[in-house]
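What follows is a set of structures for review.
Two complexes, one shared chain (chain A), two partners (chain B, chain C).
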Partner chain A sequence: MSQSYNRGLVEDFGRWREFSAGMWAWVFHKFTGWVLVGYLFTHIAVLSTALSGPAAYTGTIRTLEGLLVVRVLEVGLLAVAVFHILNGCRLLLVDLGVGLERQDVSFYASLILTGAIVVASVPTFLAGVSL
Partner chain B sequence: MSERYSSFEPGGRRWLWQRVTAAFLVVVLAFHFFLLHFVHHADEVTFAMSAGRMETLSYYSLMVLFLLTATFHGVNGVYNALVNTGLSGRQRTAVKWTLVVASVVLIVQGIRTANAWAGISLV
Partner chain C sequence: MSTQLPQEPETESEPETDAETGSQQARRMREKAERRERTRTEETPDLSDEETRVIKVFRYDPEVPEKQEPRFDEFHVPFEKGTTVLDALIYARDTYDSSLTFRHSCRQAVCGSDALFINGSQRLGCQTQLGDLDEPVRVEPLPHQDVVKDLVVDMDHFYEQMHAVDPFFDPDETPADPMVEQSQTRANREKIKTSTRCIWCGACMSSCNVAAGNNDYLGPAAINKAYRFAMDEREGSEKKRERLEIIERENGVWRCQTQFSCTNVCPKDIPLTEHIQALKREAVKENLKFW
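Entry: the complex of A and B
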């Protein structure tokens, strides 16, 4: 017979001290998901300047990419996207029942790999911008 | 008996589609980032370069599919997160339809933009 558990409110972040690796993976996946969906709407809004003609679009992108703060935010976006992708692969494996007993290790691997990819990408993302 | 603890309805297809779109998006999102930040650099973007890519049918259709799947995956994720906070009844219905309308607006705007680059005029 299966047991019944009282897990409390799902979104009770006040219990963060009790969180295990899997719970942190869930929190990070949720946070990065909110950022990515927010960015999706912003991204389409910025790209929509193409509807006003070539000059408006090229000018808007060039102006934005000339700002250091935008480049730094893009590095942040890369970090968020890479973690969401890697942890998403981990979740797909978990859903298929693959490597369930090592899901905490794959979460740590996702974090380390995200950090490595982001650090290695910083020169590319900041190339050509001045302070 | 164990509690059923999920934001997805039994027998529903949204659970499956969230996973199907995820499998597609992990590949296409990585491709999108790689192409537009490493092959081409963001500060070299011009309307002509974007148009050149979007005039290719394979790229145009991939980007439209990317828009559709990303919108579904993102908005469905937001809906699930809100349901997990205990949203129910009329509030839940209102949130659902607000998200549906936001998705339709985003998709229409995205396709209009892609069409502007591809030189497709519908009206």
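Entry: the complex of A and C
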């Protein structure tokens, strides 16, 4: 063969819009998994302020919860966690070979359920905690 | 399934010596001559009184200077109920540009030679109805394989992966009498039934993101091939162990991220992801067998 044409990465990225349910589920699952790992570190950092005494800890939590951004981010964290757990259960079923022909339905169900739970949580989070 | 417009020749015209033998052949040659004449005189045939569709076809040829830069060519093709993408390509080639290159043979989803990237999805040209697609219909060669010319991709790597799983029987013992059938139970036949239907078209491999990023990944079709033998009760136990070893290597079943793209595109509706998952479990079971 003389020569051939390699279409390269640019086209691969162009194919994102051709993703199907299973591929989006995979992308979201990786993304949410790593966000959760990231959160774990901040979570430990915040909790560690308790080492400097109860007052420091209460102060930190008050300041953080006083910020609107933090409360909005918390809604995001819930969304990420709920989706990861629901889709995680879906993946466990996939690993067990259960209901593979309906994997797209279970992905959409995870999305809808996540959406519903997140919307329901918005008032609680945005109201903040009264300490 | 494919519907053939009867007047279309099967292959590019090879100068047949006795065109008179069989009226079919004579008619074909006559039509071909007419078409050539028409192309010469008016450049494009008059399709104004016919229903037509537009296809945009990927063109590339490293050996022709004007085609070294990949581009899309538009063709207007006649449409009727049952016209497939392959029919459209054949019409475009025979009518407008005889250099338009693509593989095809059976025209009934059996040979696996015309897997193409049609409107953003891997499909067989002969199995895809033009009427089901949005216009203009984009026809490209399979992604993630090198393009040799126009719609023809290099399939060598795909075939290598297929052979890598030792796709043949190696039973522990064969009946002493060669006339004795080596039959399998009905239940076992059911279990492997869909996996035997693969036509080696390469659509699955082309759709797989993991295979795109990692050329050493065996890919769905090869793993399905391994499944076909590993799950067959006639398979020898030694061979089964060897085969499981192959598929659980670094670039075997564990690369699969259950994105289901292969299962979605397989023209023979083989539940590929299901088979890959079954082999993952089989591999785990094999490794847990310490008793």
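Keep in mind that, in the parts below, the second predicted complex is superposed on the first by the 112 of 131 C-alpha atoms of A that agree within 3 Å, B and C clash if a C-alpha of one lies under 4 Å from a C-alpha of the other, contacts with A are read in each partner's own complex, and residues count from 1 in each chain.
In this section, a contact is a pair of C-beta atoms (placed from the backbone, for glycine too) under 8 Å apart; a residue touches a chain by one contact, two chains touch by 3 or more.
Nothing here was measured: the structure is a model prediction, and the numbers come from that model.
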Partner chain in contact with A:D95 - chain B first, chain C second, else both or neither: both
First, second, both or neither for A:A21, with chain B first and chain C second: second
Touched partner set for A:Q103, first chain B, second chain C, both or neither: second
First (chain B), second (chain C), both or neither touched by A:V69: neither
Per-residue touch tally on chain A - higher for chain B or for chain C: B
First, second, both or neither for A:A120, with chain B first and chain C second: neither
Common ground on chain A, meaning residues reached by chain C in one complex and by chain B in the other: 2-5, 7, 11, 91, 95
Footprint of chain A on chain B - complex, ascending: 1-3, 5, 19, 22-23, 25-26, 29-30, 33, 37-38, 41-43, 45-48, 50, 67, 70-71, 74-75, 77-78, 81, 84-86, 102, 106, 109-110, 112-113, 116-117
Chain A partner contacts - residues on chain C that touch it in the complex: 60, 62-63, 70, 120-121, 143-144, 146-148, 154, 209, 212, 257-261, 263-264, 271, 273-274, 277-278, 280-281
Touching residues (chain side chain A, partner chain B) in the complex: 2-5, 7, 9-11, 30, 33-34, 36-37, 40-41, 44-45, 47-48, 50-51, 53-55, 57-58, 61-62, 65-66, 74, 78, 81, 85, 88-89, 91-92, 95, 121, 124-125, 127-129
Sites on chain A touched by chain C in the complex: 1-7, 11-12, 15, 17-18, 20-23, 25-26, 91, 94-97, 100-101, 103-104
